Each structure stands twice: as structure tokens, then as C-alpha cells.
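Step one of this worksheet: look at the structure below.
Letters are used for the chains, namely A, B, C, D, E and F, taken in the order the chains are written, and counting of residues starts over at 1 for each.
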Amino acid sequence: MTGQDSGPTSNSRKHFKLTFPREYIAHVEINRADKLNAFIEEMWLELRRIFDQLSVDPNVRAIILSGAGPRAFTAGLDVKAAANSALGGSGGAGKSDPARTAVQLRRHVASFQDCMSAVEKCEKPVICVMHGISYGLAIDLATTADLRICSKDSQFCVKEVDIGIAADVGTLTRLPKVVGHYGWVKEVCLTARIFGAEEAMRVGLVNSVYEGKEEAVKAAIELAALMAKKSPVAVQGTKELLNWSRDHSVQDGLRYTGVWNSAAIQAADVPTALLAGLEKRTPTFEKL
Amino acid sequence: MTGQDSGPTSNSRKHFKLTFPREYIAHVEINRADKLNAFIEEMWLELRRIFDQLSVDPNVRAIILSGAGPRAFTAGLDVKAAANSALGGSGGAGKSDPARTAVQLRRHVASFQDCMSAVEKCEKPVICVMHGISYGLAIDLATTADLRICSKDSQFCVKEVDIGIAADVGTLTRLPKVVGHYGWVKEVCLTARIFGAEEAMRVGLVNSVYEGKEEAVKAAIELAALMAKKSPVAVQGTKELLNWSRDHSVQDGLRYTGVWNSAAIQAADVPTALLAGLEKRTPTFEKL
Amino acid sequence: MTGQDSGPTSNSRKHFKLTFPREYIAHVEINRADKLNAFIEEMWLELRRIFDQLSVDPNVRAIILSGAGPRAFTAGLDVKAAANSALGGSGGAGKSDPARTAVQLRRHVASFQDCMSAVEKCEKPVICVMHGISYGLAIDLATTADLRICSKDSQFCVKEVDIGIAADVGTLTRLPKVVGHYGWVKEVCLTARIFGAEEAMRVGLVNSVYEGKEEAVKAAIELAALMAKKSPVAVQGTKELLNWSRDHSVQDGLRYTGVWNSAAIQAADVPTALLAGLEKRTPTFEKL
Amino acid sequence: MTGQDSGPTSNSRKHFKLTFPREYIAHVEINRADKLNAFIEEMWLELRRIFDQLSVDPNVRAIILSGAGPRAFTAGLDVKAAANSALGGSGGAGKSDPARTAVQLRRHVASFQDCMSAVEKCEKPVICVMHGISYGLAIDLATTADLRICSKDSQFCVKEVDIGIAADVGTLTRLPKVVGHYGWVKEVCLTARIFGAEEAMRVGLVNSVYEGKEEAVKAAIELAALMAKKSPVAVQGTKELLNWSRDHSVQDGLRYTGVWNSAAIQAADVPTALLAGLEKRTPTFEKL
Amino acid sequence: MTGQDSGPTSNSRKHFKLTFPREYIAHVEINRADKLNAFIEEMWLELRRIFDQLSVDPNVRAIILSGAGPRAFTAGLDVKAAANSALGGSGGAGKSDPARTAVQLRRHVASFQDCMSAVEKCEKPVICVMHGISYGLAIDLATTADLRICSKDSQFCVKEVDIGIAADVGTLTRLPKVVGHYGWVKEVCLTARIFGAEEAMRVGLVNSVYEGKEEAVKAAIELAALMAKKSPVAVQGTKELLNWSRDHSVQDGLRYTGVWNSAAIQAADVPTALLAGLEKRTPTFEKL
Amino acid sequence: MTGQDSGPTSNSRKHFKLTFPREYIAHVEINRADKLNAFIEEMWLELRRIFDQLSVDPNVRAIILSGAGPRAFTAGLDVKAAANSALGGSGGAGKSDPARTAVQLRRHVASFQDCMSAVEKCEKPVICVMHGISYGLAIDLATTADLRICSKDSQFCVKEVDIGIAADVGTLTRLPKVVGHYGWVKEVCLTARIFGAEEAMRVGLVNSVYEGKEEAVKAAIELAALMAKKSPVAVQGTKELLNWSRDHSVQDGLRYTGVWNSAAIQAADVPTALLAGLEKRTPTFEKL
């Protein structure tokens, strides 16, 4: 995939590893294994840049997001760094009155949220592979993906109440819309208790559980490959319409769908797919 | 039920079979078994007329929707017919500019959506019985019903991405509101993979699974009979309030409920039901 | 906990028993066991007063709600009393025209709903323990709690259609937002069929099932104690943000979260929690 | 315009007069001058059919709605007929309990509202010309149009409180979104006082006032002709996007606009209009 | 109106004067003229109690709200008292961390807002008469009324930015929904400049301007009397439906209207009003 | 203001002129007078960068936006450039199928909209000064500002239908929320007729009209200076709360306000302002 590396997605990546295991499939790995893939501020800014680029890269049709190393998807926010950054370190914001500090914090949180939301807004489907320690930010991040799979050894935790805060970069907003069991969501968010792969599977946080991380990544690649074989007009429209519908009434969802498809249905992909179906062969679709 | 047939619901039905297996219960069968119950445009227009009529027919209190023949609930849209109709066939819309084609498509999709929505808007509860092949439009249609049951041999598929389009007559809007497992919804919509009755049961797409279609229809009749024995004011109000609440905040849902019930609670059904309860006998309710 | 009893939460309670089994934990028991804990109007007014007080009592961090006696969480509305109250008894509203009666009913229902909503609006997490007969109002009430657990002998029923009305103090609005399986919600609301603890567990109505009521209450106390050990700023913020997000789009949820946390994150609890974490000891948080 | 009369919009019209004063312009007149253009039920059903047809008639680009005769745009609902129809006449609904009557009324009002909404949903811009008596339904109807002009002798009145009801086919919902002066809306709706053309102009209910009805109709034709000269893709898109935006947040409005225009901007009309602009001549656009 | 004073609305009123100038009309006067009618906390609690009672008092059909004395409708919040109350005085909240202070403030503001909202939620129409100094809270309060009139000498000011805060008991939320000129709203809220009666009239903040306070009160009584002569079912329904529609889409507004009126239209007031209209006499309506 | 130029807002600006006429006031001028300030793509990207920086620059408290040169605020989009960019020039997008072209267009419009929205999202108040030709994009841009003033010679036009498109970067979404006269909005958007300063003033599009551009800019500076003297915590909170309330119900608006102010009210600005008020001197507020 050398063509990829000289294209728009090739600028240097410091904390992430970006590979292309198959045609049309990008694999983004959080690459700070020595720190259990814990996040510092420049990482989430980089994450946003990567997903903004993949979103419009015509060579990409499905994306896998996972963590490097054997021990953790991510242990969450790098607490030491976060303490300095969020609370203004030794001096900083501490000197302002609480209202001015609030302004700084609001801007900081909004920017952090926007970086996470870049994964949700990415026009291509994103499959998140979780393993080992998956705490705090791990849940904020994973719930921005379209679907989640994990390895047996995964340990999940909505950790934030344990450091005295309500989770604020997405978990409390997205988890209740991802998982149908609202009482369970309340429980794990209010107690910060650790739960495993089996429980995550039972409540619908993950779609399937694999023996180990390698198996899970392999399965994600197969799943991504399946999506990548479909019409990109259809796949990207499907993602968009599902996300819109989550946030709107059925009536608004149907109307938006009709408006969206009035252009999308004119794609060359429709006759291409129909014809291939009749002829029982795999269709090839133009890039998008 | 001869009285039914000369009433407002008795006009000729070409592609559907309408029977009344018990008092107050209507059974609508998609009746194009030789084509696997695949839909052509005049079918969905007919479906709408049928449900619009049943909605206000005082002799009907619960409705069963199923597919005729042993092989399919419905194989979805009749692809050949759809290709002609949606894309204007050999001539038609193809000659216009894309914006004019978009106007035609938008009108077409809106009309199709409205026909499907007639099942959801029907004031009486609708139980959908699925069996065999249940692809594409099968899911759009089934999710407009109030609840779904199926036979063991059911094969489900959100098929649309396989013909190059994002599903646009309801699945992408309603499925995430019917099934709590959002990641699973994303997976089956983005991959168009086939899944069976057991998986449908596990994620909550269906309420129960039966050995065969006959058993499922029989169970549906029992369920419908149970609903039909209740006060129709209470049953129809319950359906309406659940649907409204799905699309609104809790605060708006509570208010709407209060306004609705300020009239409904004045029904003769309340003292009738209370009295029957005290006297441990089955109450009889006026038609609605 | 004598201090409690002379404080704002100590005024006489007629139909409820209020105890403090552990530091920071309040236990509210519906205390009308001889009538299966059935509700009369003055009970829901009292319930509101109790939760309004606990909501702002700094000595309380988590609340348990259960029913006294061995037989029922609550059998629901006291039907005889309700018939008199809702329908104006022998004289009353019955003389007015239907529109005037509707005004009276709307006010009555709104006041009843507000009392139930006091549990949801209570700033502290509420764990509902259900056992035995849990009919009608039992579901309206339980779904205002943050999470629900139950004993094996629980029997649940959305009873209202059996007395000729659509449930109107919360079940139809909240149950579909608590349980992800929408078809199941429709079924139990439209048929009023009784279901047990196992089914409630499977669909996500309860978080766990215990052998008997005593075990369930004990488990609730442990769960409450776990929450009470956390930062109250974090716990109460988490509850609020989850409830807000349920009723809003993801975008609005994220924004509201940022605004909320811009003050909350300035709590002394954050450094306290971080430090205790590093030193591996249990932190102590100021009251709230 | 003989071609029109044999087209889809040519079926017989009993209570309305439909003419085509200029190319692309339809003029719908309420044609019951001897009864001050008061509405009976079959009239609003006919109104709906007419606007549904004009909405998709490619020969129509702008529509004028006015009342025949010198004395009234419309005096509103034909009270005698309405009393019979709404309240079930001599027998009918009066025998049912209030809840059953409520079901009938709800269906009746919904059907009436839908007929009025047909004017708002009509894809072509509608200019309403008001004159003389314009009471009750006159306001419900006029506020479904895109803009309103009137003659000096117009007398307006939100009449409904004077017959004991809250206006229910649109005024209370649309008037506050048409006129920015909310206190004035409250005043005229709560007092049913009559107001004149000058006041209507001052608060923004009408766009302009003309000496007499003839001058107003002439002005409406000029205005319609101006709209009809523009690209129909642009004009109809503009109407749709303004209506959508009224009911949604700015963020949702912008997104919907982008999706809508992604097809619309591909119209041949854009280069046609640009080129005509550069060459300073009037462009001709394909029908829509 | 002695009957009034021994009824539910007769409990002692410390800071307000409640009179009944005509049948069915209540007049609430802010009665702290020596302090320019500035508000202290116990005043807004009392205001809420008064409007909660008037809301359900069948002897009241319209309400006038004005300020006692010649100099001010109200000068707003009593700054000294507010400073003590809002900021916890010398000790109090100041000792907590900013997050705990925020909790106290949030509860305080919510309670204050609820008191103001009691005027909006009052089921009877409220006419606010403003005169002289009408600063800060004056605007928060006046915009909860249904309509506003004033005397020539009125001086208005959205004063809050001048004391370092964004107005938080209603002005910023309601003023843009009362006045159509959004840029003007921004200007007066961001600059705190004083404006007079003529400007208030021009932008639609008030419905009319009178020579002096006496004339304005007299006009308000006439206006209230006009409303009080109408069917109370119709008037109160009209208020409710206008308020609901302001906060919802047209589609939701129409639906809610239909549900509301399905009971309201069954009032005896409809035939009473129709008959009186035909016989050209003033109808008499049952109390509500 | 040399400090400004070396700060974060000092990077080179190609198409805009940025000056600081007074302390805390920034003046952004569209600086392409030879082309009537028409916009090309890199201009709106630059505009976004400028407002993103000013939004968080503590030295800025109010912003003026105007156009350089005597002839135009802006003539709108540079048509030639736009034709190339939007439609892909001679080759480009034209080769794709309509659905692929739609994807490109959607991305393009979304990016353009985001740039415009940067003015609305800017935390500081923005005063737009319009003069001369103010067509098309001029209205999209001006309605993102908080308030608008203009010179007598201004000529406004919602020009888009004249080039065959529905306005899509903000006018159709924001104009109806800025101006209360909805029929007027429809008229000018559907006819693209030119209107002058007086009419803009009458309908509320501008707050005031000045003799010439110089007088208008001077007035804007005075207005900005007035805002800049107030507490920046109060002013910026006021802008945010007004914008939020525009897009939400009153109930949601009040709640958000309470949460926002729970931090903001803790500003040192409150005692500072109160004290200065009592001592009748001008307060000085810390930067924000």
C-alpha cells in the first residue's frame, strides 16, 4: 500500500501506528504500549487528524481501532499529565476566580470531546478492538466506534467517579444509546466497578468475544473486509442514517433518509450491484 | 365474520388475504407466495389502504401480519420491478438532470415510507409473524409492527447494502429504537449478513421463537386474543403513548400522557373493568 | 443517626419508614404491608416530600427504596381509593361536562406524575429493591429509580390495561427508555401478563436477582455503600448527566456535560481522589 | 392553458375555482361566495386534493389562494355544518362515552389538520390574498401559505374562543411562528377581537396591503410571476429548507440543508442561471 | 368578592396585594413600594403560592399583575439581600470548593426559576402592567405573562450584565421567544442600556402604551374582562396550546392540539356559545 | 496594541484586515475591495481561523465585522471561482455519478457552513456593519453575527435563487430566527428582490441605520466599547445562553442557564460590579 503513504494520510504519526492490512482497510493502533496506551493531550489531537483524513480518503472503506502491546487497549487518561493539564498544574488556572477557571475547563473539555467525536463523524465504519485494560477513556473512545469486539481478557471500567469526576468526553452521553440496559449503565457508571468480556457481551457493549487479541484483530479485519466489499455509497450512507436516527424522532429520521437517498440512489453502484447479483459474481465499486 | 366483509374493510384485495380468525382479530397475509411474497409498488399502496381501514374498524382490536406460503415472510422488494420503478426504467427519469431525478426519487421514497408507516400508525396493536426468508423490506415492515415473533427456520437480512443502497423505508430509523444493542444493529446493517431466529431472539428483535410457522401464527392469535379481551380504549392508548414516548423526552412524554388520559380515563371501560375485576369475571367492552 | 432525625428529614412519616442503615445511606420503606403496600393519594404526596428532602440532605449519598412486609413491593394503586379519587366518587366531577372533568383529571394526573418524578429528580442515586407482588404503580415507581434489583419471588405486571386505562404516571414513558427490548415492552404493556424475576433479568429491567428479599436489601445496601464511598460531586453529576443525555441528542449531551463539569471539576474531590489513589487509601469527601 | 385541464389537475372541482392566469401560475379560489366562502367538510377534503395535485404538477410554479366574491376571504367554518359534524349531529357520537367521543373527535381534527397542512406541504410557493371577512379558519388557512397580502377592507379575527373552543386546525401552532410579536398573538387569540389590515401589516401577519381585492390579486400574480421566472429547483428547495429550519435547531437546519443541496445543486439550472446572468438575459428552466 | 377571601386563595399575603376588581378578575400587586418593589427571596416564594392558587381557583378567569406605588413596576432583585442570599453572605457557601458552591447555586437558581415559571404555568391568562422603573427581574417576570402593556413613563433595562452576571431566571430564555427582533434582544441584553415605552412598543415587548399607570391598569381590567367573558375552557386551552407550540415543531403542535381538544371540544361551552351567538346574546359559562 | 500582533492572533492574514481600534475591540475587515469583497474558498477558511483565535483571545471582548472599500460589504460568492470549485470545473466531479458528486458537494458545503458558523460560535459578541452591496453570502454571514447595523446606501439581496440554488450556508436556517416576520423572509428568499436599509430596519434585520459607512463603523465601535466595559463573564455568558435558548424549549433553556451560571456566578466580577455600582464608579474586570 505504498500509494497510501504518499497520499494525504501519510504525514508523520507520533503516537499512533497506521497500517493498511488489506485493500481499503486502515488499521489505527494506539501506540504507547509502555504507558498502557494512556492518553496525553497531543494524542487526542493526533487521533482527530488521523480520522479526519481517513474520513475522506477514497482508498479507505473501513477502519480498525485497537491498542498496541499485550496489556491494554488503553488505561485511559494519563493521570499525571491530565492533572497538570486539566487543573492548570501548580499555578495556572488555580489563580483565577472559579468562573474564569470554568471558562478554561469548558474550552478544554469541548476540544477533547471534539477529538473523540471525530471517530463518530468519520464517514467510514469503525470497528474497535478492545483487550486487556480498557478503563475510563477506553469507554469514551470505544462508544464513538460503530461496533466493538474484544478479547476474553478484557477488563472494562467506567473509571471516572474514582477520580472524583463525572465522565465528560462521551461515555455518559453515548453509553446509554449503545447499550439497551439502562439500569446496568447507571450501575457501572455510578460504582466504577470492573467488568469482563462476558458481561460486556451480555449487555451488548461488544458484538463478540475472542480468545485473544490476535484473534480479535483478525476477526475485525474479516469484518472490515466484508464491509469494504460492499458499495461504499451504501455503507457510508447506512452509517450516517443510523447515527442521525439515533438522535431524532422516527418522522424526522424517515424524512432525512429520503432526502439523503434521493442523491445516493443514483449511484452507479445500484445497477452494478444488481447486475453482479444476477450474475452471481462480486461487484467492483468506484472509490469514494 | 361475514359482517366484516360487507363493511368498510371489505373492498377487494389483490395481493393480500384478509381473514378474521376470531372475534376482533384481523389477519393480514402477504399473498404472493409464488414470488416469495416480494413487493411491487401496488402492493404497498394496498397494504396502506388495508391498515388505514383496520385502524378505524370497530370490529378489529388486534392485527396479525404474516406471509403466505411455506418459504418466506417476504424476500423484500421485487428487484426487477423495483429497478424499473425506482430508476425510471428504460426511459423516464434517466433523462432528467440529477436534481430532477432526486425530486422524483424523494417523492417516491416518501410515498413508500408513508405506506410502511401506516402499520405503525394503525391504532390497533400489530403482531408480525416472520418465517423463512425475511430479507430487506421484511425488516422495514416488521419494525413498524408492535411486536415480532418468528419460526425457527427464519432467516433475516438487512439486505440493502448488497444492492448498493442504504435501506430507506424504515429499517435504519426504526431498528435502533426496537433493539437495544446498537453495535449489533450497525453490524447487520453494514454487512448484510444473514442471521437466524436464535440471534434475533437474543438481541430482542423478536419476542419469541416457535417450531414452525403454524405454531407461530397460532401463538400470535392467542396473543392477539389476549389483547382483544382488554379494554380497547386502554390498549390503543397504550400503543399510542409508547410510540410518542419513544420520540420525545420523558417530560414531554408525561405531559402528553396526562392530556391523552384526561379524556380516555372517562371511558365506561374503567368502571366496567374494575367491577369485573372485583366480581372475578371477564368484562365486555363497547367497540371502538 | 440521631442527627438525621432532628434535621430537615425528620418530620413525621405516616406511610413510609425512613432509616439510615449505614453512614450516608437512607432506606425508604413503603410501610403499609397490611394492604400489600398499595398506594392512596396521601402516600404519593408523602413520598415526594421525603425524596425532596433526601435530595438536598448532605448526610445522604445513596437511597434504597423497598416495600415493607413479606408479600409485596407494592400491589399498585389502592383500587377502591383510586376509583373514588380519580373518578370523583359518588358526586364530584361526574356532574361536570367531559371537558371539565378532563381538566380535573389532567391536574390530578400531573400532580401524581410530579410525585413519582421526585424520585428521578432526587440528586442522589436511588436503588429500588422489588419483591413479591410488584404490579401497576410498582413499575411506574421502579422505573424512576436509577437501578432495580429483585428477589426470586418477584411477580411483575404492567397491570393498567386490566383496569381499562393506559398507564399514566410513568411506565409508558420510562420503561422503553430503561429496557432496550421495545417489542417486549409493547407485549407486557398491551397484555398485562405477569412475568417473573428471571425474565426481568433477561430483558434488563433488573440488574440482578437474589434469593429472597433480605438478601436483596443487603445487596442494595452494599451497592449503596459502594456509591456512598465515591465523591458525591462525581456520583451526583453522573446521575444528572445520564438522565439529561437520555432525553437529548449526543451533541446536546456533550455540550451540557462540558458546561456542568466546568464547575464540578473544580471540586476538592478531584485532588483528594487522585492523591488517595496514588497512596492506595480510601479518600474522604466533604458532604454535599 | 387548455393543456392543464386535461392533465392531472383537471378533475372536477365543486367548491373551488382553479384557473391559470399566466404560465406556471395557478389561482385557487374558494368558490362559495353566497355563504361568505364558509367551509364545510367536503371543501377541506377537496382543498387537499387540489394542493396535492398542484404540488406535483410540473406546469405549476407558484400558487395564489383567494376567496371569490366581494365580501369575504372566508368567514371560517360553516357553523351549522360544523356543529353537526364535530359533535355528531342528532345522534352519533353523543351516545358514546366521552372517551369514545374523544377518539372520534381526534380522528376528525387530525383529518381536518392534514387537509390544511396540504397547503404548507405543497412543494410550490403559495401566496394567500385576503380581503373582507377573514375569520377563524381564515387564519388557520392563511398561515399555511408562504406569504400573505391583503386589501384595505380586510377584517381579521381568531374567532374560535367565541364559539367555546381553542382553535385546533393550525392557528395556535403556526401564528406564533409567522408573527414575531408573541404578546400580540396571545391577545388576539385570547380575546377574539377583530383587527384590520394596518395592524396585520404592522405585526407582520401580511407582507403588504392593497387598495382593494383586485389590486391585491394583481399584485399576487406579479409576485407569483416573479417566483415562477426563477429556477423551480431553487424556489422549491428554498421553501422546503425554510420550513424545516423553523422546526429545528440551527445545527440540524444546516445539516439538512447540506444534504438537500448535495442533489439540488447538480441541477442544470445552476449553469443555466449563471450563464444567463453573465449574458444578461432571462434564463429558461426545465419543468419540475 | 368576600367569598374569595375565605376560600383557598385567602391565606395571608405579606408582600403582595390581591384584589378582585371585577367578577372573575384577580389583580396581584407587588406591594413593597417603599423599596421600589424590589424582590427578596420570600417574595418570589409567595408569588408562586399566589399564582398556584389562582391557577385552580374557579372564581378566577384572568389575572392582572402590576406594581404598587407611582415609581416602579419593580426595580428588580433587592441587591443587598440578593448578594447575601446568592453568595452565602459573609460565611456560608464561600467556604466550600467551587463545585459544592455550584451545587448550592444551581438549587437556588432552579427554585427561583420555578417561582417565576408559576406565572407562565398558571392556567389563566396573565396581563402584566408595567410602569416606571422596570429593571432586571422586571423583564424576567413580565415575559412569563401572556401579554404586557405599559405606561409612557416606563423605563426598561435588562440590567444583569451590569452586576456581572448573565440573567438567569428567564429573560435570556423567554425574551427571544416573545420579541421577534433577535438582534435587538442581543443588543439590550449585552449592553444593559435603558429603553422606553415607545421602543418596547415598536419591537413588540408590549402590546400597547398608556398615558399613565392608572390608565394602563384600567385598560388591563377591560382586557381581562373581555377574556373573562369568553368560555374558560376555550381561553385556558388557547393559552396552553400557544405555550406548547412555542416549544415544539408544527407537527408536534398540531398533534398535541388534537389530543387536547378531543376532550375540550366536548364542553357544554360549545353549544352554549353557538346558541348565544345565533341569538345574539352574551353566553354564561360554567366555572372552571 | 502591539502585544496583539505578536500573540496568537497575529499570523499573517491575506484577505482580511485585523485592527484593534480600542482596548478590547477587534475590527475584522473583508479586504478584497477591488472584487467587491466577493469570497473565494481560501477566504472563508481564513475567516474561520481569525474568529477561532479571537474567540479565545483574552485581549478581545467585542468584535466588529465589516467590508473594506466604499462599494460593498460583500457582493457574495465570487461566482466564477464558485462555479469552478462547487461544480468541479470543466472536468472533476462531473465525471462521477450523481451520488459521488453529492458526497463531494456535501463535504464542501459542510466545510463552508462550519467556517460561517465560527462567527456564531465565537465567544465574544460580534457586530456586523453592512454597507453598499450586501448580496447572497452577505446575508449568510451577517446573520451569524449577534447584531447588525448598516448605512443608508445598503442594498440587500438573498440572491441565491437567481443562480439556481437554495441558499445553503446559513441564510435559510438563521434568517427566520433573526427576523420575526416570517412571511417577509419567505418573500425575499423566494424572489431575490433587492431591499434597502429602511426595510431592513423595519423588519428587524438591522438594529439601526446610519448616514454612511464611516458613521456606522463609528457607532459599532461605540457599541462594542459599551459591551467591552461590562464584565466579560456576564457578556459572554449572555451570548451563549441566548443562542442556546433559541434552539431549545423554555424548560431546557432554563435548566441550561442554571447549570451555566452555577460556575459563572462565582466570578470575582460579581462583587466587583456590585461594589462599583454602589460607589458609582466604573469597574475593571480581569481578562477572559
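Convention: a residue touches a chain if its C-beta (ideal position, glycine included) is under 8 Å from a C-beta of that chain, and two chains touch if they have at least 3 such contacts.
Keep in mind it's a predicted model, so treat the numbers as computed, not measured.
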Worksheet entry | Chains contacting each of chain E and chain F, listed by label | A, B, C, D
Discussion item. Count the C-beta contact pairs for B-F and for A-D, then tell me which is higher.
Written reply: A-D
Discussion item. On C-alpha atoms alone, could you tell me the rotation angle mapping chain C onto chain E? Nearest 5 degrees is fine.
Written reply: 180
Worksheet item: At the chain A/chain F interface, shared numbers over all numbers used: above half (same) or below half (different)?
Response: same
Practice prompt. Go ahead and note the Å separation of the Cα centroids belonging to chain B and chain C.
Written response: 34
Response to the item:
Between chain B and chain E, the Cα-mean centres are separated in Å by 47
Fill in: Multi-chain contact sites of chain A, meaning residues that touch two or more partners
98, 101-103, 177, 179-181, 204, 233, 246, 248, 251, 259-260, 262-267, 269
Discussion item. Using the touch definition from the top, list the residues of chain E that touch chain D in their complex.
Written reply: 125, 146-148, 177-181, 204-207, 223, 226-227, 230-231, 233-235, 237-242, 245-246, 249-251, 253-255, 257-267, 269-274, 277, 283, 285
Discussion item. Per the contact definition, I'd like the list of chain E residues that touch chain C in the complex.
Written reply: 56, 96-100, 102-103, 107, 233, 236, 263-269, 286, 288
Response to the item:
chain C contacts chain B in the complex at 79, 83, 86-87, 98, 101-103, 105-106, 109-110, 113, 117, 120, 160-168, 170, 172-174, 176-177, 179-187, 189-193, 203-204, 246-248
Practice prompt. Over in the complex, which chain A residues touch chain E? Could you list them?
Written response: 98, 101-102, 251
Discussion item. Which stretch or stretches of chain C touch chain F in the complex?
Written reply: 248, 252, 256, 259-260, 262-263, 266
